[in-house]
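Presented sequentially are two complexes of chain A, the first with chain B as partner and the second with chain C.
Up next, the complex of A and B:
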């Protein structure tokens, strides 16, 4: 479990995080949402000790991030950032993942086992001899994720995973997240991609101006237009279509994604 | 309107690759158009953008077929610097484009080769920042800007050279929803008020749908669709490879399949709602 208790953070002047309290369980799937500058990335950088609280505590399982080493924390928590192409330096995809594992001192048999496993999970097994620099943007994103997953961390944090991804890559990403959640991994995505969140319906933690302003089910938060707009986000587009039906009492609650909306209309059509 | 950009039987194979990345590319873009160049990653979009700004053939090594004409002149006979006065290119990540310390210095950078008096340079920078609604950022240090602000500064740095065409490579990928919507409105204004031709490379349609008039879709290095936005969404959904189709347009097609006849795939949500209430659930 990741436990955040009364976390405050500042680089020196204003507080970028204020009074954050949050519990993330094993196997949970969470979206941390909010406008640019809300503090989302600053918050998740506390999960693996990249940043230390100015006040308050962050505990990962039995490790206090203020005291534990980045090495120990990184074993448990993997962070995958927005621009993967900046972090590659190996000659092949295989070597890139292997390097990540060597860092933790794993023996060769285990490394080979893990590399094969993550490359298969991330649909990269056909590309293991390719240079990371010749991969497409989407493949590079998946390679960065493969490196992060190589040593089997329990908590996986993805910063804006859908940014710049085409439809196919979003579908692949959805499947990967589903597999990880099935494996009891905690998956935390930092995103302002409301349509993606509406489709996958994780628990949503909404941030604004350094604070958590809502924490709950996607269906409740994503259908709360006022709350979203005051946090600098827009509701998913299906809401605009489904809201008038809700207002007229035809559906029981506003619907946030197209599949649920279609299902509801089919029910209505059947009577 | 006259043609500003033309691809004629264009093809390109990068040195070291066996296959051509793009081939048999033919299209014309006229002054004042607002076009979206789309298709899945790896389809060849960026290669075409490189050809539009002359980086192909002048910078990337490889075998080129056919030609790319700007104002009727082949890019083979123009220097990249010369082309950049007509065609401005905004990178996906503004951090790759901004490299001076302050906004004014960064935006003025492109003017420094033009031998303009200092006064004139400052005036031009101020004019363009004003147009983009960021005049207050003029003396700010670059590292204090938000992502959306950086994106606008990057665009200002390109626009200050007064190009006729603006190419943007996935400009909304890293922007917040608010900034992304703001950028689309800005592009619309640049297109309408200054007559700048806009070529938007993206695989998201939801934000741009109201503004983009024409869709060119690349798949496996070939153009598979070149149509008006409305036609593309109405009759050619199967050719919009890899593109994130707007929810409203997806609903339009589902209703069609169910035997209804909603007015348009480009319709306001409220209007679609009204249609559903009237025709589908008959409330």
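Up next, the complex of A and C:
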């Protein structure tokens, strides 16, 4: 469990995070949302100790992040930054995934087993000997994810995973995240991609100006237009259609994604 | 984590040091740099460090300067110990090359902290050097903070993948930096190409005659500052030559 208690953070002048209280359970799927500069990335950097609280504390399982090393915390919490493909340096895809496994000191048999497993999970098995730099954009993004999943961390934090990705890659990403959630990994995505979140329907933590302004089910938060707009976000596009239908009493609740909307229409058609 | 991106960044203040013409400040650091590199005396290096500290206090950016000094302290110590240990000289002889680094850093930091990159490029333009040189130089300066931020980002990303920078003996510690160096070099090359293309599509013409947006001019303050500093360096040189202090 990641426990954030009364967390305040500053680089020296203004507080970037103010009074953050958050509990992320094992196996939970959660999206931290907010406008640019809301403090999303600053918050998740506390989960693996890259940043230490100015006030309050962050506890990961039994480790207090202000005392534990980044190394020990990273073993539990994998943090995948925005545009992670920028950080490649190895000659082959295999070596790139192997890097973290070597760092964490796993023996060779386990490393081979894990690399094969994550490359298969991310549809990269045929690319073992390729240079990471020659992969396509989507493949690179998946490789970065493979690198983070390699050492089997309990918590996976993805910072803006959909940035710069096309619809096809987003669908693949959706499937991968669903697999991780099924495996009872805690998946934390940091994003302002509202359609992506509406599709996956995780628990949503909404941040604005360094504070948590809402925390709850995706359906409740993403259908609350006033709340979203005051946090610098726009509601998902399906809301434009489902909101008038809900107001007229045709459907029971405002629907946030297209699949649910189609399902609701089918229900209506059947009567 | 080190906060690298704040180093050398221009600090906007309203002080005498900030008002000086960038050319004046540049000539002064050139004079000092030549002296620092040639001077065999560590006492003079200490005097220069003290002088630039006093100027930094007057320019209200002493704390920023200390931050860069702290960053280079490991290098300072390595050079100090290497000189002391390998050449089996006494500590006074080892102090000169190590303090040389420190004094160069203070002098240059003072310049960058008090001179806005824009003023500096204007001054360079006026110097009469070809635009290819002045433009690359001022662009390089402007990209120092970006570069530092980039290094920071890459470091954070690799540390999150379990990289331990301070593990092992000196050789393996150097090797630990490979996963940071390679991405940083690749990103810098990519960015330089992008910047060049961006300048070209926005109509940069290297041959055209240019007129600066901001006019800079030397005032009496500049001449006094220049004269004073030249005097100090001449005095220091005289001290080194005639008194032969260590």
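Methods note: the second predicted complex is superposed on the first by the 271 of 271 C-alpha atoms of A that agree within 3 Å, B and C clash if a C-alpha of one lies under 4 Å from a C-alpha of the other, contacts with A are read in each partner's own complex, and residues count from 1 in each chain.
Convention: a residue touches a chain if its C-beta (ideal position, glycine included) is under 8 Å from a C-beta of that chain, and two chains touch if they have at least 3 such contacts.
Values in this document were obtained by computation on a predicted structure and should not be read as measured data.
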Query - Superposition on chain A - do chain B and chain C clash or fit - result: clash
Query raised in the report: So, A:181: does it touch chain B (first), chain C (second), both, or neither?
Result: neither
Query raised in the report: Does the superposition put A:194 against chain B (first), chain C (second), both, or neither?
Result: first
Query raised in the report: Touching A:59, do we find chain B (first), chain C (second), both, or neither?
Result: neither
Requested in this report: Check whether A:214 is in contact with chain B, with chain C, with both or with neither, and answer first, second, both or neither.
Outcome: neither
**Report entry** More chain A residues in contact - chain B or chain C
**Finding:** B
Report task. Go through the superposed model and pick first if A:227 touches only chain B, second if only chain C, both, or neither. Result -> neither
Requested in this report: May I ask you to decide whether A:237 touches chain B, chain C, both, or neither, giving the answer as first, second, both or neither?
Outcome: first
Query raised in the report: After superposition on chain A, which segment of chain C among 23-31, 59-67 or 203-211 overlaps with chain B?
Result: 203-211
Query raised in the report: Which chain A residues are contacted by chain C in one complex and by chain B in the other?
Result: none
Report summary line: Seen from chain A, its contact residues with chain B in the complex are 35-37, 82-83, 136-138, 160, 163-170, 192, 194-195, 232-234, 236-238, 240-245, 248, 250, 258, 261-262, 265, 268-269
Requested in this report: Enumerate the contact residues on chain C facing chain A in the complex.
Outcome: 1, 3, 153-154, 156-164, 178-179, 182-183, 186-187
Query - Complex interface listing, chain B residues touching chain A - result: 40-42, 92-93, 146-148, 170, 173-179, 181, 203, 206, 242-248, 250-251, 254, 258, 269-270, 272-274, 276-277, 280-281, 283
**Report entry** Contacting residues of chain A [partner chain C, same complex]
**Finding:** 11, 45, 48, 50-51, 70-71, 74-75, 78-79, 81, 84, 86-89, 99-100, 103-104, 133, 147-148, 151
